[in-house]
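In the two assemblies presented below, subunit A is common to both, partnered first by subunit B and then by subunit C.
This part shows the complex of A and B:
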């Protein structure tokens, strides 16, 4: 599918962007009720290993193993979410971090799934791009409907004030547990998709840094609307590609403009800095995170900016 | 055998304590998980290495140099990633400190490369025997420096005017400000102290493990978080004791149960503490909501 008119490189960039978007939505679901989780990488690991074991050791087709992996991650999620109901804020952050680390240790020491050597030879799925697209569309439709449904409004009210929500008769325990479990299901699906695209996973694939990245996708994109995770994950994942384009633009600058003393040094520095090397890319990434939090602490897409968009459309229609 | 393991545990725990003290000080005054603290520890180790190998400093020079460099780094962090960021959104300073973490780690990866560097032997190695226990001179050095640093800090926090201001700010920002404490200054000083101690901890870790890498910060950060929680968020003496305790638990579980289970144990402790005793072992205040 699609393979005919997109080259392999673009296709894999699109797939990993898509998986990051799905992972961002997995963080967004519990975040909608105010639960900040650093454990989404752990749920991704559960889903990835579950799906890999099902296809490779038991011969299930991918289309069966993926939802089962999501379901399995969801069950684990509810098991983690139950004790997590009692705590919030920094404590919840640390609890979920601890869960993700424990998943890593278990994977590392369990020889059935490869142990320290990692899990090799996971069957490659040629249609991952299609699956990713379907899942993302389903998620956007789901969260879009949720925004206007009573369940979604209940989640928002829990986010704003849990005690007040409870006093209004909202079943806080059930909704928070549902949100946490839903996040784990989505993360499990993201993990399953990843496993069958990369064909190799080990205990460091789903580490703390990945969980932190997922968190930054949502905060940078904006956690107040369901477009935020999509925007954040897309922008931050495609950033290195964009940096490389910047370098090509730099080559378009006429030589005469940069051929004297201070400019040629600056040009050489910039040109050298904008290559594809990982450390430099990450330095820029970190600087952009800091800058974002100073300039737009609510994220790229906020409720206000969406309202303004709606207002523009409304005025255009009724002018 | 068991005495030897307890001494080894104290050694490991001493560096956990030093990292966790900075965490807990900063958490106390800002209610912020300062993610970049582990990287400050890493920077300290590299500054120490540079001073010893390239500038010909002795070990004390390296310790003091690393402390000063990291204190400066703490000031930079406050002005770049803490002060300009909105305070009414709890996640914003967390993300900006994550950004700082990524920048610091990769600046060192860029200039030094991802490999480990060996830390030169700065203290002549002699082994001492006390009954069943064998300790090397560098182990004694690390332990003495760490313990005396903690004692000094404890005296400072409990008995100086500035220490009282830090404790007052940790208790309540508004009240402290009303009573004439310059909160911004207290935050800055807290960062200077915490980062300086992390710098010293980095050099001590280099002496103890005899190699350092740009990726050593993340592990230290995660262990520091566990220790901070174990001691009670914002509780400085608690962090000191909890660090030593966690070090001993890890070494003992590695010796008698297995090395892969070692990390499992520290995270299980983290989860149990969170669920059953979120105030930490020593029962300090809880932080709701943030």
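This part shows the complex of A and C:
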């Protein structure tokens, strides 16, 4: 579709950025009601395997298998969400983590979906970029509307004080369950998109590290407004690309400037550091997370900053 | 001002209400009726079980024993939000506002349960209304909320974050939020706590105006002047047990009550 005017490499970077954005929104939905889930990678796995089975073993077209995979992940999500309703904080974190581990063990030991060898030969979808774009636009519209509506406010109030929200007549249980289920649907769709782009998935594709990365996107981007997940996932996914460019710039530095101690050591260190591999990426994520917690704990985009931005326009319209 | 409705209808009846925390009885076999249209004060020394009583009536805590009957219907087993829908609203002793919501949004949270019957209604209204066109329901909610804020003297502060408001305003905002749920019974947990004398006098009038709107009020308060001035009836708790129940004048003369308050610096 777009393959004509952007090269394959750029296209694949854009697709994985997009899938990460969708995954970030899947974390954002339950987070809006105060539920912190480390199970989003598990729901992605459910969606990915469901879509792979539907297309490869039953011959469904991708346009059908993707929403069905999302729906299936959503049903699983509601089933996990029920026990998750009663618990909070670190215990919820552990419950969702446990769920993700169970999913991993099931796909690892179930030969029907490839078992330890992984699921091979998933039909490749040439239009993933288009699908990703449509899903992201739909999510932005959905969460944008939610934020301006009574239901979104009710979700925020649950996040901030569950007891008070319930005392104000808000059906906390149902809204939390809805948010958890919606998050699972979105994660399932992200998983489905991933499966047909990568064409190979196994039990380690959707591991705990992925869940932590998804969490990092929202923490760095900001969880108080729907722009946060978009900003966080984009910045963190494209960061290695930026740093790679930085490395190319570093090569332009004249040798004479760095040919003496200690500049040569610093140069070598930076040059090596910017050679971005998986392990180093995680170190950088960790550093960014620590830095964010210190300088901007509410994330890059916060509700307060947006409110300041829109304040004059807003008051003019509504006062 | 509205003519005060004179009825003898019972708004809330509690029968043999009991709540234990381990071996301690926070409430023990407490029974009394609250007449519709009354300001009914609930007083007692610290730890007498007043806030526990509120938590049981609103459903924040389950009762161990006893019945709670609201307008002739038993509500003992209902979830807290169902009781709010029935018409019971409360404020909290230690203010529990939503810190990141503005005053206006806070009041609109109270209106949510009256505007949308179910989450599906709220969801379809949120997602399906015309693009870039504000839903009619939202506008109605905001107008109501602005009216309530004005009633509670918070006009002009509707865009201030709840946590940035001064203490007295936060107390009044809690009352506005509770009132937005359209209650027929309002439970006020120490509304005068932390207010200056001037604000307390205003609070007197405010509570009386609420009663004149036809709202029954149960008031937990340590400010005895406020309690004696505006209450129609007073129930006294001590160590979870009801020790007296009557008109303000009778309570002031009641020897058991005076004994319970001995040693406490509270002028009766």
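Note that the second predicted complex is superposed on the first by the 305 of 319 C-alpha atoms of A that agree within 3 Å, B and C clash if a C-alpha of one lies under 4 Å from a C-alpha of the other, contacts with A are read in each partner's own complex, and residues count from 1 in each chain.
Just so it is clear, a residue touches a chain if its C-beta (ideal position, glycine included) is under 8 Å from a C-beta of that chain, and two chains touch if they have at least 3 such contacts.
Quick caveat: nothing in here was measured; it's all calculated off a predicted structure.
For the composite obtained by superposing both complexes on subunit A, the positions of subunit B and subunit C are free of clash and fit together. Of the two partner chains placed around the shared chain by superposition, subunit C is the only one that A:175 touches, whereas subunit B remains out of contact.
Once the two complexes are laid on top of each other via chain A, the angle at subunit A between subunit B and subunit C, using C-alpha centres, comes to 80°, given in steps of 10.
Set against each other, subunit B and subunit C touch different numbers of residues in subunit A, with B touching more. Of the two partner chains, neither subunit B nor subunit C is touched by A:123.
Of the two partner chains placed around the shared chain by superposition, neither subunit B nor subunit C is touched by A:67.
Of all Cα pairs spanning subunit B and subunit C in the superposition, the closest are 13 Å apart.
Shared contact residues on subunit A (touching subunit B in one structure, subunit C in the other): none found. Every residue of subunit A that touches subunit C in the complex is listed here, in rising order: 142, 145-146, 148-154, 156-157, 160-161, 163-175, 178, 224, 303-304, 311, 314-315, 318. The touching residues of subunit C, counted against subunit A in their complex, run 58, 60, 79-81, 84-85, 89-90, 92, 96-101, 105, 108-116, 118-119, 122-123, 125-127, 129, 134-135, 137-138, 141-142, 159, 161, 177-178, 180-181.
Only residues 36, 83, 86-91, 93-95, 97-99, 101-102, 105-106, 108-109, 208-209, 212, 215-216, 219-220, 223, 277-280, 282-283, 285-290, 292-294, 297-298 of subunit A touch subunit B when the two sit together in their complex. The touching residues of subunit B, counted against subunit A in their complex, run 27, 31, 33, 35, 80-81, 84-86, 89-93, 95-96, 98-107, 109-110, 218, 222, 225-226, 229, 233, 260-261, 263-264, 267-268, 270-271, 274-275, 278, 287-290.
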